[in-house]
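Before I ask anything, let me first share the structure, which is written out below as structure tokens.
We just call them A, B, C, D and E in the order they show up, numbering each chain from 1.
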Amino acid sequence: APQEGGRTLTVFAAASLTESFGTLGKRFEAQNSGVTVKFSFEGSSALVQKLTQGAKADVFASADQANMDKAAKGEVLDGQPSVFATNRLAIAVGKGNPLGIKGLADLAQDGLTVVVCAPQVPCGSAAKKVQQSSGVTLKPASEEQDVKSVLAKVQSGDADAGLVYVTDATSAAAKVDKVDFPEAAGAINDYPIAVVKDAPQARLAGLFRDFVLGAEGKNELAKAGFGAP
Amino acid sequence: MTLSAELALRRGEFTLDVGFEVPDGGVLALLGPNGSGKSSVLGCLAGLLRPGRARITLDGRDLAGLPPHARGIGLLSQDALLFPHLSALDNVAFAPRSTGAGRAEAKKRAREWLTEVDALELAARRPAQLSGGQAQRVAIARALAAEPGLLLLDEPFAALDVDAAPAIRGLLRRVLRSGPPTVLVTHDPLDALALADHVAVLDGGRIVERGETRKVLSAPRTAFTARIAGLNLVPGIAAEGGLRTSGGQLAGIPAEDVVEGEAAVAVFAPSAVAVYPRDGEHRGSPRNTVEGIVDALEPHGPVIRVRARGDDWAAGLAADLTPAAVAELALEPGTPVNLSVKAASVAVHAVSDH
Amino acid sequence: MPWVLWPPAICALALVVLPVVGLLVRSDLTRFPSLITSTSSLNALKLSLITAGLSTVACVLLGVPLAVVLARSGARGVRVLRAVVLLPLVLPPVVGGLALLYLLGRKGFLGILVTTLTGEQVPFTTAAVVIAQTFVAMPFLVVSLEGALRGAGDRYERVASTLGAKPWTVFRRVTLPLLLPALGSGIVLSFARALGEFGATITFAGSLEGVTRTLPLEVYTQAEVDVDSAVALALLLILVAVAVIALARPRALEGVRS
Amino acid sequence: MPWVLWPPAICALALVVLPVVGLLVRSDLTRFPSLITSTSSLNALKLSLITAGLSTVACVLLGVPLAVVLARSGARGVRVLRAVVLLPLVLPPVVGGLALLYLLGRKGFLGILVTTLTGEQVPFTTAAVVIAQTFVAMPFLVVSLEGALRGAGDRYERVASTLGAKPWTVFRRVTLPLLLPALGSGIVLSFARALGEFGATITFAGSLEGVTRTLPLEVYTQAEVDVDSAVALALLLILVAVAVIALARPRALEGVRS
Amino acid sequence: MTLSAELALRRGEFTLDVGFEVPDGGVLALLGPNGSGKSSVLGCLAGLLRPGRARITLDGRDLAGLPPHARGIGLLSQDALLFPHLSALDNVAFAPRSTGAGRAEAKKRAREWLTEVDALELAARRPAQLSGGQAQRVAIARALAAEPGLLLLDEPFAALDVDAAPAIRGLLRRVLRSGPPTVLVTHDPLDALALADHVAVLDGGRIVERGETRKVLSAPRTAFTARIAGLNLVPGIAAEGGLRTSGGQLAGIPAEDVVEGEAAVAVFAPSAVAVYPRDGEHRGSPRNTVEGIVDALEPHGPVIRVRARGDDWAAGLAADLTPAAVAELALEPGTPVNLSVKAASVAVHAVSDH
């Protein structure tokens, strides 16, 4: 590998990529000696907000197309974004699935505490789409701000079930069980990645993007539960 | 109700160790130099200071273990400390309210007490809007309005003007006559005389002298007491124009609260007593003349104090003369003399009957 | 007042005011009327005012006694307790919400107690919002009152006790009135903190329109879609807070001494 | 102290302590050592202590003068200014961060000024963290000090002026020392608030390890991966805060009067 | 340095409207009942109160527009208000420090002033650890340590014991003799006499009487002044054993600070003066006898005040007699009498020479 001494690559990535990108970053560092990869994990919309306000970053990976479009419109991207992964919803239930939930329809039962994401955030808009396409109408106890909050409530036992991304349910496998449901296919969302305009480390940024899109990236993302593009 | 107290307290290097009794309706005056522990004694009695050792009983009831509010005391502390957020009226009404009176009743009583201290027109004022003397009057009213079982007064006459001081003194006399046992801190022997039947003189946290007010003030045994007192005090019964003594009459100016036929005491300074050779003719304005014999001559600062013996009020009488006068009259122990004092310089005060 | 204090004071004021002015300037005020009259905004506003109000009341009822106990008790452990009270201040609100969830949630021991007694669950209810807000806001009241109590000393309380006032009377008629200025600022602090509370609320109570979605939660939700409308909503929050504080802060709270 | 204060005080304390205890009970303490010694945690901890310390200093330097001006100035507009100071309290922190970004960001007028003068940008730097923390924490200091100043009145200051002390001397030798207990609690409040600050920081300063990712942001990032480890980190935060407060609160701050 | 002031102030219903002058080294005593505005006058002079109308000049320099700290004053206010966070020493050192002295120098001066008020052993104490009188002494030292161009003292002797009061009075006399113009609020005419060359008597915010201390106190024109004063004051030059007057000698007890050969005044109460028919023989202890003629008889409360005319100190002399004595001696205007007063009841005080 080429010598890339003492340089720092800054990656803005959606919060749901925290784990998989963390690992990929380590590996990227190992392959490019002297490079440090620093991540800023946040909600995609917050990241776009920062980029348009002049935050210095090299790579931007979004959890949905809408925010990547916003970034493109804000003219902070260098080149076209490419989709590197997909994600879909799954039902998170308590460990051992005590209520025996098998599919989306079970969530509409009375007396069940279900939490979902708010429609304004990507996981919530997916949940809405799924309900529309399947005809199942949920009466959630709460419309959470992000997946993490949904998971926390299922994990604490205060919610019987929650709609989360497959990847989130996978990473929390020690604490919750995951129930896949077929209707989730109706709301797949794409994860695009792009190099940021005027990136301080433009060349490294390209390398990292290609690394994510490459075989090693695919492999790691699949382990986390992401689907292929 | 009788107060009996034994107190031991440490405050830094200062140690207090006193014991005393105050009988029902009795008033004990605490005298003593600055820093001698007078306010500390009141603090212990009130329960604001925690003495190392304390035995305080009021009529057999033990006070030492009780919190301040359960002791049934009224405390006038050295700085008035009126509640800044309450009007003068509400300050005075505070105690009645606290001890169970209704709002209207408490205000009524507060108004009465404010009237007593001549501060009714200040009722609506906040403490910040009062002058020093006005605040002091309201604080006195507040302490009295508690209608306490034990009254503790720390220099009640400080900051009062020449009209207010005697008026408040009269008020206190009236209240204390039938009132609770009282401990009164003062620097003024006349206050002690007018209000207290007993005095205790503190110095360095110890009682160095105590006894009936008249005796202590007329025959002080410590230098400090001598400096503040050293008065001639003649007991008797108040009569028209003065005092009826054991052996006769002593003309004087009665104080306002003197009632004829009741116990009273004539007070006059040794410096007011003139001394004449026994053979001298004497028919001037001084109305009070008595025969006596020079008992002792004591130098007393710039003057010489002549102690007389004799009957009636000549007994133990002190007269201060300049050395020149002593020399001219050739006074020595045993010299027979006439002693005289102008009625106008004799004040007759009522005393309690203890 | 020394004039040298003015420059830093002005800097401080600028630090506070300029960003808000910047917000005003940059936000699209034409959409303001439609935004703040949308039902979801109005629901959120109503809920915010009710819950912040209730939790301020709870803060006062619980926090004033705690402050007095901390400031006036001579007991040994008090120093430790004083540090403990600061915990919610330091805890990131989301973690605070988690802690509440662990305690009052379905599997928390207090939560189980409540459910067996009343049959109700605490999370996802308006009550949960109030609890979360009280949890984060109360320390502000306690700490500011405690400082004031220590500074003022207890001489008036002692005078009151010599006048026969029982401890409760002393508290009600002397301690409290003299504490009013500090209580005023304490109330303002805790009301403001409760009104702006986000993390603990969403974690413990969730976010459902009309039930648990307070104005800050609405702002966050909006911000996902459209930052500008979120800013406009935030301005509404400011407006409301300033109005409530200005109206609800009677002269009495501003100091008894002239 | 009336005993009736004890039950609410104990409730208040329970409200604060029980959730934290619940957190302790429910969290997996075996992983605690490895978590808190990971470089990212240590980096975050270091950054948090430095920035919270700096912003507390800034709060004191700016906030004390402002509090004194607000409490002692007789000027007309002061009532309005006092309400203005409360703004950051009410603003949801994220909106506060946005406001700072609008002011000091690339397109903000102060930001443009700074960039032309120094060639540097403010947002997304450690300085931005300090500014964000100061913005949210300062009002706590100001409000609690102002309450104390009003409560105490100015009689000692007036005495000092009659003794020939110029305003600055009065401030330094009378106002400040008498303010110490309140300043103590104000400092604690603002330090705690700065230490726990999340929303404004992430919005204005971003979240970059070693540069802007303070402990609360690290907690948030961790929570994405694993709530339990986030909780453990939060406990670290608590530990640190309590330690710093206990150590940095000298007796002098606890009241000059016995 | 001469102080000249004209002040008008409203405080609630109370209005103050006064004008006065105090010459260099002069001391003006403000007397008056509680709430008459004495402290308010000091507050205006110090700049703590904002009078509606104020003209205050010190040696031509206008003070009214200056903030308190620039006025160069020293104020002893009615409540001591020692800084609670500073030791007694640091309290006293505050003024020197504030006006530019170094730390060591300020402490040195503070120690000197504490020594002057006999409170050096309290130097390390906090105000909360001082008794009332101790705090008052420290407060006096603090005001004096400012070495002010204008000294304002509000009841400096309150709370002081019988030893401290004369000691502080002596200290103030020494300081004020060569010191700045001073305004002194007091309720005690003897303080006024000992310290002030002029008095102004306030009532209801107005000056109702003013003039040289001796004149006002010996011939008061208002009832209030009469009640606090009404003394016989005989000016002269201090001599051994008393006073050399215009026409002779008056025996008396000199106060501590009297220097022979300097101006002094003999003070004695009308009640101490005895009256004899002119033909009467008189050779008792009263050393001071003068011939006079009854000029007027005024009822005065319980006594009758006899005014005499005559030469030397008989001129204007007042003697209080009981009505019975007046009747017996058949006194009426024109009656020739001998007037006598015991030397021991005559106090000789030094006065300033203004």
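Basically, a residue touches a chain if its C-beta (ideal position, glycine included) is under 8 Å from a C-beta of that chain, and two chains touch if they have at least 3 such contacts.
Since the structure is predicted, the reported quantities are computational estimates derived from the model, not experimental observations.
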Query raised in the report: Which chains lie in contact with each of chain C and chain D?
Result: A
Report summary line: Chains in contact with chain A and also with chain C, listed by label, are D
Report task. Just give me the whole-number Å value for how far the CA centre of chain B lies from that of chain E. Result -> 25
**Report entry** Whole-Å separation of chain centres (CA-atom averages), chain A against chain B
**Finding:** 90
Query raised in the report: What is the distance, in whole Å, between the centres of chain B and chain C, each centre taken as the mean of its C-alpha atoms?
Result: 57
**Report entry** Distance between the centres, which are taken as Cα means, of chain D and chain A, whole angstrom
**Finding:** 33
Query raised in the report: Of all the residues in chain A, which ones touch at least 2 other chains?
Result: 49, 152
Report summary line: Multi-chain touching residues of chain C, meaning two or more other chains, are 98, 102, 166-167, 170, 178, 220, 223, 227, 257
Report summary line: Touching at least 2 other chains, the residues of chain B are none
Query - Which pairs of chains touch, using the document's own definition - result: A-C, A-D, B-C, B-E, C-D, D-E
Report summary line: Residue set of chain C touching chain D in the complex reads 1-9, 11-13, 15-23, 25-26, 61-66, 68-70, 72-73, 81, 83-96, 98-100, 102-103, 108-110, 131, 134-135, 138-140, 142-144, 146-148, 150-153, 166-168, 170-171, 178-179, 181-182, 184-186, 188-189, 192-193, 195-196, 198-199, 216, 219-220, 223, 227, 230-231, 234, 237-238, 241-242, 245-246, 254-255, 257
Query raised in the report: Where on chain D is chain A touching in the complex?
Result: 98, 101, 105-107, 121, 123-124, 202-203, 206-211, 213, 221, 223-228
**Report entry** chain B-touching residues of chain C, taken from the complex the two chains share
**Finding:** 155-156, 158-167, 169-170, 173-174, 177-178, 180, 256-258
Query - Complex contacts: residues of chain B adjacent to chain C - result: 46-48, 67-69, 71-75, 77, 81, 83-86, 94-95, 97-99, 126, 128, 142-143, 146, 148
Report task. Enumerate the contact residues on chain A facing chain C in the complex. Result -> 43, 45, 49, 113, 115, 118, 120-121, 140-145, 149, 152-153, 156-158
